[in-house]
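Residue numbering begins at 1 within each chain, and the chains themselves are lettered A, B, C and D in the order written.
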Amino acid sequence: MIIIIRNNSDRTQVDNLINWVKGLGLDVHDSVGAKTTILGLVGDTSKVDIDLIKSLDIVESVKRIQEPYKNANRKFHPEDTIVNVAGHLFGGDNFQVIAGPCSVESEAQIIEVAKAVKASGANLLRGGAFKPRTSPYAFQGMKAEGLVLLKKAREETGMPICTELMNIMDIDLFQDVDMIQIGARNMQNFDLLKEVGKLRVPILLKRGLANTIQEWLMSAEYIMSEGNQNIILCERGIRTFEPATRNTLDLSAIPIVKQLTHLPIIVDPSHASGISELVLPMSLASVGAGADGLMIEVHNDPTKALCDGAQSLRPNMFEDVMRKVERMLPLVNKVIR
Amino acid sequence: MIIIIRNNSDRTQVDNLINWVKGLGLDVHDSVGAKTTILGLVGDTSKVDIDLIKSLDIVESVKRIQEPYKNANRKFHPEDTIVNVAGHLFGGDNFQVIAGPCSVESEAQIIEVAKAVKASGANLLRGGAFKPRTSPYAFQGMKAEGLVLLKKAREETGMPICTELMNIMDIDLFQDVDMIQIGARNMQNFDLLKEVGKLRVPILLKRGLANTIQEWLMSAEYIMSEGNQNIILCERGIRTFEPATRNTLDLSAIPIVKQLTHLPIIVDPSHASGISELVLPMSLASVGAGADGLMIEVHNDPTKALCDGAQSLRPNMFEDVMRKVERMLPLVNKVIR
Amino acid sequence: MIIIIRNNSDRTQVDNLINWVKGLGLDVHDSVGAKTTILGLVGDTSKVDIDLIKSLDIVESVKRIQEPYKNANRKFHPEDTIVNVAGHLFGGDNFQVIAGPCSVESEAQIIEVAKAVKASGANLLRGGAFKPRTSPYAFQGMKAEGLVLLKKAREETGMPICTELMNIMDIDLFQDVDMIQIGARNMQNFDLLKEVGKLRVPILLKRGLANTIQEWLMSAEYIMSEGNQNIILCERGIRTFEPATRNTLDLSAIPIVKQLTHLPIIVDPSHASGISELVLPMSLASVGAGADGLMIEVHNDPTKALCDGAQSLRPNMFEDVMRKVERMLPLVNKVIR
Amino acid sequence: MIIIIRNNSDRTQVDNLINWVKGLGLDVHDSVGAKTTILGLVGDTSKVDIDLIKSLDIVESVKRIQEPYKNANRKFHPEDTIVNVAGHLFGGDNFQVIAGPCSVESEAQIIEVAKAVKASGANLLRGGAFKPRTSPYAFQGMKAEGLVLLKKAREETGMPICTELMNIMDIDLFQDVDMIQIGARNMQNFDLLKEVGKLRVPILLKRGLANTIQEWLMSAEYIMSEGNQNIILCERGIRTFEPATRNTLDLSAIPIVKQLTHLPIIVDPSHASGISELVLPMSLASVGAGADGLMIEVHNDPTKALCDGAQSLRPNMFEDVMRKVERMLPLVNKVIR
């Protein structure tokens, strides 16, 4: 951490600051120029409150050099983390596709879709039981009943299931789920992060729609600091000024995240654009960018989907995506296992 | 709602769509041009799923004309709502200032600040007991003990208290709080919104940092649809590309919100910029824009604030803000009562 | 175009508006509901001033249905445009790589880089002679002399050259250039667009860093409406809140642009991120997304590059990018010719 | 400038970098920690190419401490600059209102509006002769003829005139204009900036719609480095995700700009929102934020405005804005002279 001292600051106050910083167990390098005094803090600065230092009268600005996350930091854990979801591996040279409908609607629907996506090569089944919806008047999901149907589909097909948890009070219902999704709107629901941090089930942590990569990794750190290291990140589009797509899929985030952390990262190309024709090209683009997997919405009859219909593929379109993704994987040294 | 049909669509499919829409209890105006067929849906379209219609093959685009919120909509409730917080009124020609520290730190601190801001003219006391922090290693607030200290400060000064609720599981602790704040990161924590909708205590609903005005009003609608009409909106800055301020205070939102809804709206100029020198000019700007009040962080010793230090004013700076705000209020026909 | 009339508007004023619109040669469909009157304008609305209509007291909102561009619109020109740059084709199933240094610095440098990128498979040479720089104190390019050196490199290698024009007054110097680049900062320099519209040389039109896809296509329309149909679009990243990359490469723009227009589109993965390690993954991602080509910065010695050094590859890294891109092209049915 | 060296970098390479930096005439403070080596560059770093240093293999990151602008920097010029536009002062405790139509349309129109806004208290007349329009099919202004009409209005009313220059080739036509506007889309048209830098006429430099405050000040620096110190900045809204307003007026920019530079800054509340009802509240908000003036569109008959109609006030609404602004000015210690 670098602290830039204001010109003409009182030296005693600067010394007080230096002593306070040393009291936190850090070394301070003091670099006095003709016009500028710079303090370089050396040691573990992850617990230093940058805003507090900024508020001091003698401080012009503070710049963090070290990343404020530790468990998630690749510097301290250079090898890729491999997350095992009921026998399917994420990370390293593994590639996984999670597919299924936006919402669970009925036993027939979820089983039919599960069989279809399995036949095309998806290894995991997704489906929303609890749905975060912008409007209180929109369908909010089948809730507990939806979880029961997902488990029936798992029984029928052998596919592990992934579904979203929105509320700490529902956590007991999710004990038997294979991967718990934390949605974009809950990426900074810190109490929820701490609770899933106490579990050992893999967590799919979606990026908030206006959150920086650093904030995202800090949310992973919340989970990891409670003990759960089984985290898979999921890029799903950020909010920008461009109205042609619902969100802007930030694929540059993938190689950046790979540099910063050892955790696997997948892409959800369905939600980002909100346009089903974009799922194929953005899936291939995600593979090219180095993603460890995809999460794709598939519906047996998109015109009847109760939510997010515009972004759902039909099974035959999904089959096409899978075949093209598979042809591309050897070029990036990835394998679906 | 307007549905634009794709050129050369099959007429039978268009008729099926028309019949389906009529089945929802809506009238359909069918406007067939040489190149374009347009369907105008007339009636209460707030429950129509726009994404579902967009997903149909015959549909080029769908545009909503009516706002999807009803309880919050000024069209159906033209007069300003006045929210009464323990005798202090928000909305109409009333102006209120809520002040206090970012976090409650000790009995002495909260009481000292409360007395100081009351002496300067603030009517309500703010202070964080449960703190949402980006880092798991940062101070997370005094929690239940902080609430106890806030209530002591209320007893001591007679000021109603406003503090943030982050977690449904803590809701019982907030029964006796005068105004519950829902923070920016929880603006779309829909389960939390529903829970506070069941209370009758006034809710201060902060705008999410990447949420549109319409999404914000939909979150108000979540609370109102459960029965709680006592909502005060709070603009606190949105996320943009500009790095000079932490967030960009969107003051145009104030007159826009006033057109769209009857709910009162205040501004938090402290969090938006993260720079204490900006609190005075942005407070006066907020008054000029038509805000119904301000929420300002004040700390007895900013260099010791445990969080968000950079944006906290000292009591003497707050006194200056209050005197200037008061001189300005008659120009916008507002009164602190 | 759809005009939503305010509730309770005076019918005479509505009729006046209808007559005025008809006077523009358009048909009007009048749809009167219990609460809402909607006018549907049918015909060529590209010349209708949407802001003028919005300003009328009786108008609540106006929504455009047809795209305001014609020459660039795929609806009126369904087949892909193929742009021929000195024998190298852009669009359709063709794929092209343009490579070279950020700035031309010396004869030796530009010839060395040109030979290296040609050996790796690039068909066109790029290099900046006139450089747009944020700071007046930064190197502004070799200007006319740089153009001379570029032409020497063309003579030496046979590669067509692409370089940026910033100023109408320099246009004569560019007569012999094979492809003229209009940079992101000049995407809405409308006088410059009109001037290059009068030429027949192919134009590489970069997307402005905060411009929507529609604005970008309107800028193409400026060029086309003057007669020059030889336009290649170039996505190079947009400005967002994310600080980890200089800009956010918007790869979803590629399939969207392909739907809206018949013009070819390539990607510049070097400028978007500002990080040379990202060039390879983002190049592969661009191919996956359906791009018609790439523009990549390559420098013989990045540590000596006079500008934009951080994003320049060395020739051996470029060789690696080319080999991997080539292996991927068959999967998206593209060929380098 | 601070350079963070990568862990385990070769010391010889670090020494080479240090020597290279010293060769630029800068001092280097070398701070070697257990894990991190930090170089602090002391001296005039405005000409150091930050991107070049970032591109070095041994460099992890580079952070600028000093602002890269000098002429515009308040640190080197602490007192406010006062710009004299034909006898009317901008900056210090002066407040100025520039008003007039979006476009000059006819002699009668511009003279009528000029008289009306003068009667209400505006000191300067604005009006567009050359108009930057997104669409090539939209009205592009009366051009040279519009300038003639503006000068007639000046003769008739005595008001100095301000109008936009888009193209270097038109510069001779602007010799007699009192203040030349550089529009948002040309904020980084560097050749145009250099040309107006050679004049001594005051320049109104609008902020680009996606430009940071630092980039804006660098554009002012372009003009100043050519010799023209008569610059007035104009905030007019930035591009964000919020669709309710055309742009988001960034009023926090005003106190920030006041800290960073000595140049005056005014606000254009008309273009930012695109909604005429917002002009009054955002004008008062601008005064509260500390602006040195306003630029407001006024049209004699908004329903007939040929461009930007939605944001034009009628003269009677402008009269109301002026009376309220005047009442507010004493509170911020400003005077219209």
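Here is the rule we go by: a residue touches a chain if its C-beta (ideal position, glycine included) is under 8 Å from a C-beta of that chain, and two chains touch if they have at least 3 such contacts.
Keep in mind that what you see is a predicted model, and the values were worked out from it rather than measured.
Greatest centre-to-centre distance from chain B is found for C, with centres as Cα means.
Repeating the B-C interface, with the same residue numbers in over half of the contact pairs, is the pair A-D out of A-D, C-D or A-C. Averaging C-alpha coordinates per chain places the centre of chain A 27 Å away from that of chain B. Computed from the mean C-alpha positions, the centre of chain B lies at a distance of 31 Å from the centre of chain D. For the pair chain A and chain D, the distance between mean C-alpha positions equals 39 Å.
In chain A, the residues that reach two or more other chains under the touch definition are 210, 239-241, 243. Residues 46-47, 49, 51-52, 54-57, 68-69, 132-140, 166-169, 185-186, 188-191, 194, 208-210, 215, 218, 221-222, 225, 239, 274, 276, 302-303, 305-312 of chain D touch chain C in their complex.
Per the touch definition, chain A reaches chain D in the complex via residues 2, 4, 27, 29, 31, 33-36, 38, 40, 42-43, 60-61, 63, 65-66, 210, 239-241, 243. Within the complex, the chain B residues that touch chain D are 210, 212-214, 238, 240-245, 248-256, 259, 272-273, 275, 277-278, 281-290, 324, 327-328, 331-332.
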